[in-house]
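The first chain written gets the first letter, and so on, giving A, B, C and D; residue counts start at 1 in each chain.
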Amino acid sequence: MRVSRRDFLGATGALAVSSSLGSVGAFAQGKDILLGSVLDNSGNLDIYGKPMVMATTMAVEELNAAGGLLGRKIKAIQYDTQSDIALYTKFAQQLARTDKVDVVHGGITSASREAIRQTFKRANTLYFYNVLYEGGVCDRNCVVTGTTPAQAVEPIVEYAMKKWGNKVVILAADYNYGQITAKWLQHYIKERSGTVASTDFFPLDVADFGSTIAKIQQASPNFVVAALVGGAHMAFFRQWAASGMNKKIPLTSTTFGVGNEHLALSPAEGDGIVIAGNYSQEAQTPANQEFLARWKKRFGDTKIVHEIAVSQYQGIYAWAETVKKAGTLEREAMLKAVESGITITGPAGTVSIDPKTHHAALDIHLMEVKNQKLTIINTVKQRPPSDTAQFCDLLKNPNDNKQYEVKI
Amino acid sequence: MSEAVVETIELTKRFGGVTAVDRVNFRLGERELRCLIGPNGAGKSTFFKCLTGQYPLDHGSGRILIRGNDVGGLRPHHIVRMGVGIKTQVPSVMNGLTVMENLWLAARRTHGWDRCGSEVQRVVDEVGLGDIARRTVGELAHGQRQMVEIGIVLAQEPWLVLLDEPAAGITGAEVERLVSLIRQINQTASVIVVDHDMEFVRMLGTDITVFYQGAVLMEGHVDEVLADARVREVYIGNRA
Amino acid sequence: MDYAAVVILEILYMISFIALVSAGLAVVFGMMRVINLAHGEFVMLGGYTTLACQRAGIDLWFSMLILAPLVVGLVGLIVERLVIRFLYGRMIDTMLATWGLSLLLIGIVTLIFGSSAVNVPTPIPGYQLGAYQMGGYNLFIIGVTVALYIGMWLVLRYTRLGLIARGAMQNADIAASLGYNPRTVYMVTFTIGAALSGFAGGVLAPLTGLLPASGGGYIAQSFIAVITGGAGAVISGTLASSVLFGAISQIVSFASGPVLGDIVMLGLAIVLLRLMPTGISGRFFRNSQ
Amino acid sequence: MKIWPSIGQMRWGWFLLGAAVILLWPVFFDTHTPTILLVWALFALSLGLMWGYAGLLSFGHTAYFGLGAYVYAIAVVNIGESTVPLLLAMLVPAIVAAIIGAMMFYGRISDVYMGVITLVVSLILFKFMSATAGDKYAIGDARLGGFNGIPGFPVLNVPGLPDVSLFGVPMYYVAAVALLGCYLISRWLLARSFGRVLVGIRENEARCELLGYSVPAYKTAIFSISAAMAGLAGCLFANWAEIVTPSVFSLRSAAEVIIWVIVGGLGTLVGPILGAMVLGMLKLLLSEQTVIDNSLILGFILVVVVLAIPRGVVPALQGWFGKRTRIRTQRAVHVRARRRVAAPAPGRTP
């Protein structure tokens, strides 16, 4: 027992060294602007997280190369949350309380966002969430640069119902993203007097869709919308194609392509899936081409660039613009700057933050998967986050702190 | 007729198609010492395990009364709690614990916390375990473990003691010690000993019940039983 | 009517799926009383072997049917030599060590292949069943499973290897009395078990997609099927529990959703273990294999 | 008591030193990470008590940890004040464990099947909790939230004063007191007849039965007590993380606690505590780098420990440095503990 106590002291000693190293490091470079990020760089969500981490690194390097912000260098503190929600709360607290960062860009799934959003609000740390999601977050401390259902889901419904008919089956991931997105889907479908034949939810670890596919055929809808998330759910697209359904019932998705799913499926399996989103590598704008060229130079492979990596990149630039406008890193001043309207042009087009909702108006492409590429069918410029705007006005109610859901 | 300590009425135990114990009527009186003998497979061990509750009794296959209480269907620990001490065929002791710890656990069931220490000491002295009292039981020789288990039974201060092959693996002087221990136990308790070691049974010099093919072949004092022709034939014939 | 056929096919598929992923574990458990918690990772390795070979330009069928079991069998052999052989007779320790092994394998595969989902193309097209479009590959899996179990039965019944195996299943000393070192028998058994797991992984890869962590999805199902099946009779026990669990979980899935299917299956396993502590085979198939 | 050397004696000197280090820590250092280490240590202690002394290995002990976390979150959202939820977080896991334990132990289920059943229970909870994202899954005001879990519930407060929250350093002290308290309770239990009978059961179940002890009752009781401690740890975890998600029921967390206990050492109480603290710290440090995969290292450690030091680190160290008699008893005790769970071969009952 004597020795085990010594052991214990040794371990706690190591702990002390590691924690003091952190604070000493931060102190020595006290003039740096600290940008925190919490993203899943490993684990089963790293298909989303890895490119976002790279995008963060690249954006910070570019900003620094251009002279930093307010004459100061930006230092990125990035934590890997290993696709584990518990680590999100841990690192969020570390960023806010120990590292005392000036801004946080991070969170991927809606579950992770909700795990950390309140922490940053309490700690008065400005928070950017740069991922497409189910909409409705009304929180003055939180700026969202990803798409919401009104932006990326409604166009699919509109297009698909016009083209294929009005009977729809919805498949969604069983957590708040899928649940709320499914509600919006039902809302948009009913608005256009369509019918929802069935809505099914799948936990993230479900990988067998045999009974689901049979049930869909029994319902025989005009088309299917899949709001599925993560590696296991990829099996749906495979099993769908394996049974030959891809030739029979059109498939659309609110998430497909975000994790580069189109690259994991063969052309025969993936072709024809319709999606809507903010970004396609095929976009022929100069901003996008230059961005991809820089990415290639920095990391080599541009294949893995996906919408939310670009979102993260744009989010950081939008924040940089905010800081420039505010002229300070004080949170209240930055929020005032956000509420005066911030607009930047990124690889995916113009991003302009709506002062009322702190969400972004974005250019939205309707796309179809063709030969492992997201081919653009048409583009709507500056589509507003009208869903969230129905409920949320932060100029009027700055203390609002809620996630609104559509009522059906 | 005085109340029997143990009484079985038409006790029967079947395993699949085999009838191991066949309608046995058995009676053990107060302070009686009885040996159960019989060739291998005669049913004496099965009979023993029915008494201890280790083999549950099937419905409608006889009754077991201990001091008039029907104990069919009770689990071993219920039977033990009535005041019955049991030693099983293979020494069943807590190998990782010391001799004294083993005895303490046995004593604690019947005695208060404060008395356990002196009880353990008493048993150590009575059984003669003083030299090995602090050794871990798992390290002891087979015979020593047999004695530890006798000690465990003693520490419970039972009024009925069931011993299954206590003499197995015990030699020479130890056997004599065992015999006197069993006699001593018999001062305060009724005792059933199951064994097939004839020499040992003869040393106990008591009444005997002979099992054969699941049933009672005969009962009587050791001398008359051993003189009986049927017993000799069954026993020796089967052993050969 | 067509729908009924579809449901029956899906049930058959689920039964085959469970039986297929359980085969390797069943052999190892039945003959060695070793519960290999890295079993799911062996299945996963089979899938990745298929993927790597297919990417290297090797014929897909050859990769999944021949190479996957070979490679994973080899991994099993190495594992047996390095870890398992020191732990025979220590059931809980074996479970712990193989659990550690499973984490280790997940880590290694993540290092090599990354943790993103990857896929092997499905080599068989769908077909039309009445008004329904069905996965042709599912039929292939049903067929493969049937063939595998018939093959296992024939080997056990009619070959010398089978004789030794049946002997070892009843009692390790029997193998010794037949003149075989039980340690060698164990080594071969574990290797064969691993190869069977690799085979399952290879065959299933085109349907499920691959993740380093996907072994976890197999282990729960096969673990429960094998343990519930019991060690007394590997083939019949595992088949019986596969049929039971596969049918019930798929019927519940059709009636409500896949989650409830899983939960009902797990709950049933608890009830069965409580009622039949030696497994189905311990109760009903005492003297078969 | 001289008769009982097998169960490690309370060493007040070392206990007070350890307690002093734990209690004085916040004076000098940050407490956020140490808090979770204390919570994990408590969780490991709960399993170590049951596994190391009664020889019962629950493969899914995380079920009770998770239940504690969920029960606290659900109750505190509905009640608002944290005292009753804290008690419920111990009571509910204890009751659930008592029911499951009684079902297993009175049913004479062997150790391997006990492993399977406990694991399946936590799998069921995992599957179920992961599938509760819909808004129809709510208990009172608390939505279960599926994969998202339950975020943003009120943290512990000073009993009776719902507005005085305990977070930061006070939260650390809550965890410290919980750990030290549970340690003392465990020591006390082991010094009672109850603990000694448990050790007896670990050594020879049939003998204890024949001594007149109701083995299933003892097993059920220790299972329930252990679950209550795990539930308390879960409740503290919820307060530390400020969110509860189904991952508390996952295979991974089920594995982690077993690894902590086995590495720390069976048949001691300090072993599991240290195992959890050191390996927990390692897990956190590993997540600040991305070069080596976390599970690779954990897996490697588990394999090596099972092969090289199957007794665990603390008993091994005690063996090297302790007195000779201690070595002997510790080893014997330990070997029994492992073998007992190892021996029976299912399907071969006579």
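By our rule, a residue touches a chain if its C-beta (ideal position, glycine included) is under 8 Å from a C-beta of that chain, and two chains touch if they have at least 3 such contacts.
The structure presented is a predicted model; accordingly, all values stated were derived computationally and were not measured.
Graph distance from chain A to chain D, where chains that touch are one step apart, equals 1.
Remark: among chain pairs B-D and C-D, C-D carries the greater number of C-beta contacts. Distance between Cα centroids is largest for the pairing of chain A with B. With centres defined as mean CA coordinates, chain C is found 49 Å away from chain B.
Centre-to-centre spacing of chain B and chain D amounts to 42 Å, using the average Cα coordinate of each chain. A separation of 75 Å divides the Cα centre of chain A from that of chain B. Mean C-alpha positions place chain C and chain D at a centre distance of 32 Å. The residues of chain D that reach two or more other chains are 127, 130-131, 293-294, listed in rising order. Within chain B, contacts with two or more other chains are made by no residue at all. Shared contact sites, meaning residues of chain A that touch two or more other chains, fall at 42, 174, 201, 203, 205. Pairwise, the chains that touch each other are A-C, A-D, B-D, C-D. For chain C in complex with chain A, the residues that touch the partner chain are 3, 6-7, 10, 13-14, 17, 110, 114-119, 121-122, 124-128, 131-138, 206-209, 211, 213-214, 217, 250, 253-254, 257-259, 261.
Those residues of chain A lying in contact with chain C across their complex are 42-44, 46-47, 174, 200-203, 205-215, 217-218, 220, 230-232, 234-235, 238-239, 241-245, 247-248, 259, 264-266, 269.
For chain D in complex with chain B, the touching residues are 1, 3-6, 193, 196-197, 199-200, 202-204, 206-215, 328-329, 332-333, 335-337. Residues of chain A touching chain D in their complex: 1-5, 7-9, 11-12, 14-16, 18-20, 41-42, 79-82, 84-90, 93-94, 97-98, 109-111, 114-115, 118-119, 173-176, 178-179, 201, 203-205. The residues of chain B lying in touch with chain D in their complex are 52, 75-77, 80-81, 86, 88, 92-98, 100-101, 104-106, 108-110, 113, 116-117, 120, 134, 136, 138-139, 152, 156.
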